[in-house]
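One chain, chain A, appears in both complexes that follow, with chain B as partner in the first and chain C in the second.
Here is the complex of A and B:
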């Protein structure tokens, strides 16, 4: 096993263990902290894949924004569910069985694809060429300019919608 | 030289853990965390195939990167709106258990 494979296995095990903690812990704040660990593991997997831009974006957007937002929501709704009561609904057994079955179906299906065991070689991208090509493709009218602009409109709509939904209208009228 | 299959298996495990969390948890914030795990698994898959495709073609493909970026953008929008809804429901119902959100039920 080469050094790269060793790194991959270590980061993959960290990610899977953290994800297991996220779905199994009773204390929601602890599972939010394990979620940060899982996202960090995914960021290192991206770095191993030579998608360095996405490793940075993963840390900035997921850990810096989404995880903090989730921790805020956990703290704002803190004393609603006590840690003592069970956090799962009654059908966790059948859900577990279903998930295991789906896993074996996925693995048997994708292992029939001939490219399944392809070894990913180093891409040898010189300098910042990958990020430059990505940025040029996003603003190129022949490329992805329309999806890029649509994404910005989507983010604006989500921002306005979030403010509007979370706004307390009754309390505003009273004061 | 890591085989492509390792990434696919890791992504499958992560996706199914997220699916289990989203199906089983009572608390709606915990359901949202499961969804985030699923989106991350999808991104691992997309970037693994991006690397594979760039390697086969011998040139940098940008389609896969754009796909991954769109997934990140959609995840950010989804998290913001979902947490706003959760805060609003908490203010009105004093509960964020998903089974209690049945005001729209006929």
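Here is the complex of A and C:
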């Protein structure tokens, strides 16, 4: 096992453990903090895959912004620690069996795809040039200019929608 | 390629180890003579009597939402800034359109008063 594989196994285990903690802890705030750890594990896997830009974006957007958003959302809720509620219910065994079956079905289906066993190939362009190519491709009219502008409209819709819903709630609370 | 991440990994290990060593050393070395006053939550002031978890203002959430949107905008603008020397006028105008669409959203939020604290 090479060093790279060792790193991958370590970071994958960290990610899976953190993800399990997110869904199994009772305190919502602790779940949110473990979610940051899981996202950090995903960022490290991006780094192992030599996608430096996406690792940085993962940290900047997911850990920097979305985790903050989730923590603020938790802070807005009233009862975060209800001890009476359990994280599992009676049918968790059936759910586990179903998940394992579905997992194996998906794996067998994907493995029939011819590209499944191809080895990963490293990009020939070094880090700085990859970002450069991404930047020119993003605003290139033959490239991704239209999706780029559409992304801004999507972000605008998210901003307006979120503020519209949240602000109306605040007005109801005041009246 | 992995080498440049190795430095970050070393820094992560150091940054985790330093506070861990400090906390562990304090736990090992410090004498433990607890009494009632030392164990109280505040040295002076009243004990809390109800649930300490209060509902925060919606403004925190709105600020985080606006921050998230403009964080994503920064992520989109960063590669364009890197490629600025290769950019034509069309590309720059396109980036300006991108910014101005989101700035319109920012103006809407501002005018609606969602960013004010009262």
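Quick note on the criterion: the second predicted complex is superposed on the first by the 145 of 175 C-alpha atoms of A that agree within 3 Å, B and C clash if a C-alpha of one lies under 4 Å from a C-alpha of the other, contacts with A are read in each partner's own complex, and residues count from 1 in each chain.
Here is the rule we go by: a residue touches a chain if its C-beta (ideal position, glycine included) is under 8 Å from a C-beta of that chain, and two chains touch if they have at least 3 such contacts.
In this text, all values refer to a predicted model and were calculated from it rather than measured experimentally.
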Consider chain A as the common anchor and indicate whether chain B and chain C clash or fit when overlaid.
fit
After superposition on the shared chain, which partner residues are touched by A:119: those of chain B (first), chain C (second), both, or neither?
first
Where does A:77 make contact in the superposed view: on chain B (first), on chain C (second), on both, or on neither?
both
So, does A:88 touch the first partner chain B, the second partner chain C, both, or neither?
first
Quick check on the superposed pair: does A:20 touch chain B, chain C, both, or neither? Answer first, second, both or neither.
first
Figure out whether A:64 sits in contact with chain B (first) or chain C (second), or with both, or with neither.
second
Can A:5 be said to touch chain B (first), chain C (second), both, or neither?
first
Touching A:96 in the superposition: chain B (first), chain C (second), both, neither?
first
Between chain B and chain C, which one contacts more residues of chain A in the superposed model?
B
Is A:160 in contact with chain B, with chain C, with both, or with neither (first, second, both, neither)?
second
Enter the shortest inter-chain Cα distance between chain B and chain C once the structures share a common frame, rounded to whole Å.
5
Both partners, chain B and chain C, contact chain A at residues 4, 48, 50, 53, 57, 61, 65-66, 69, 72-73, 76-77, 80-81, 133-134, 138, 151, 155, 158-159, 162-163, 166
The chain C residues in contact with chain A across the complex are 1-2, 4-5, 53, 55-56, 58, 60-62, 64-69, 71-76, 78-84, 86-87, 90-91, 94-95, 97-98, 101-102, 104-106, 108-109, 112, 114
Sort out for me which residues of chain A touch chain C in the complex.
4, 7, 47-48, 50, 52-53, 57, 60-61, 64-66, 68-69, 72-73, 75-81, 122, 126-128, 131-136, 138-141, 145, 148-149, 151-153, 155-156, 158-160, 162-163, 166-167, 169-170, 173
Residue numbers on chain A that touch chain B, as the complex places them
2, 4-5, 8, 12, 15-16, 19-20, 22-23, 28, 31-32, 35, 38-39, 42, 45-46, 48-51, 53-54, 57-58, 61-62, 65-66, 69-70, 72-74, 76-77, 80-81, 87-89, 91-92, 95-96, 99, 102-103, 106-107, 110-111, 115-121, 123, 125, 129-130, 133-134, 137-138, 143-144, 147, 151, 154-155, 157-159, 161-163, 165-166, 168
For chain B, which residues count as touching chain A in their complex?
1-10, 12-14, 16-21, 23-27, 29-30, 32-34, 36-37, 40, 43-44, 47-48, 50-52, 54-55, 60, 62, 65-66, 68-70, 72-81, 83-88, 90-91, 94-97, 99
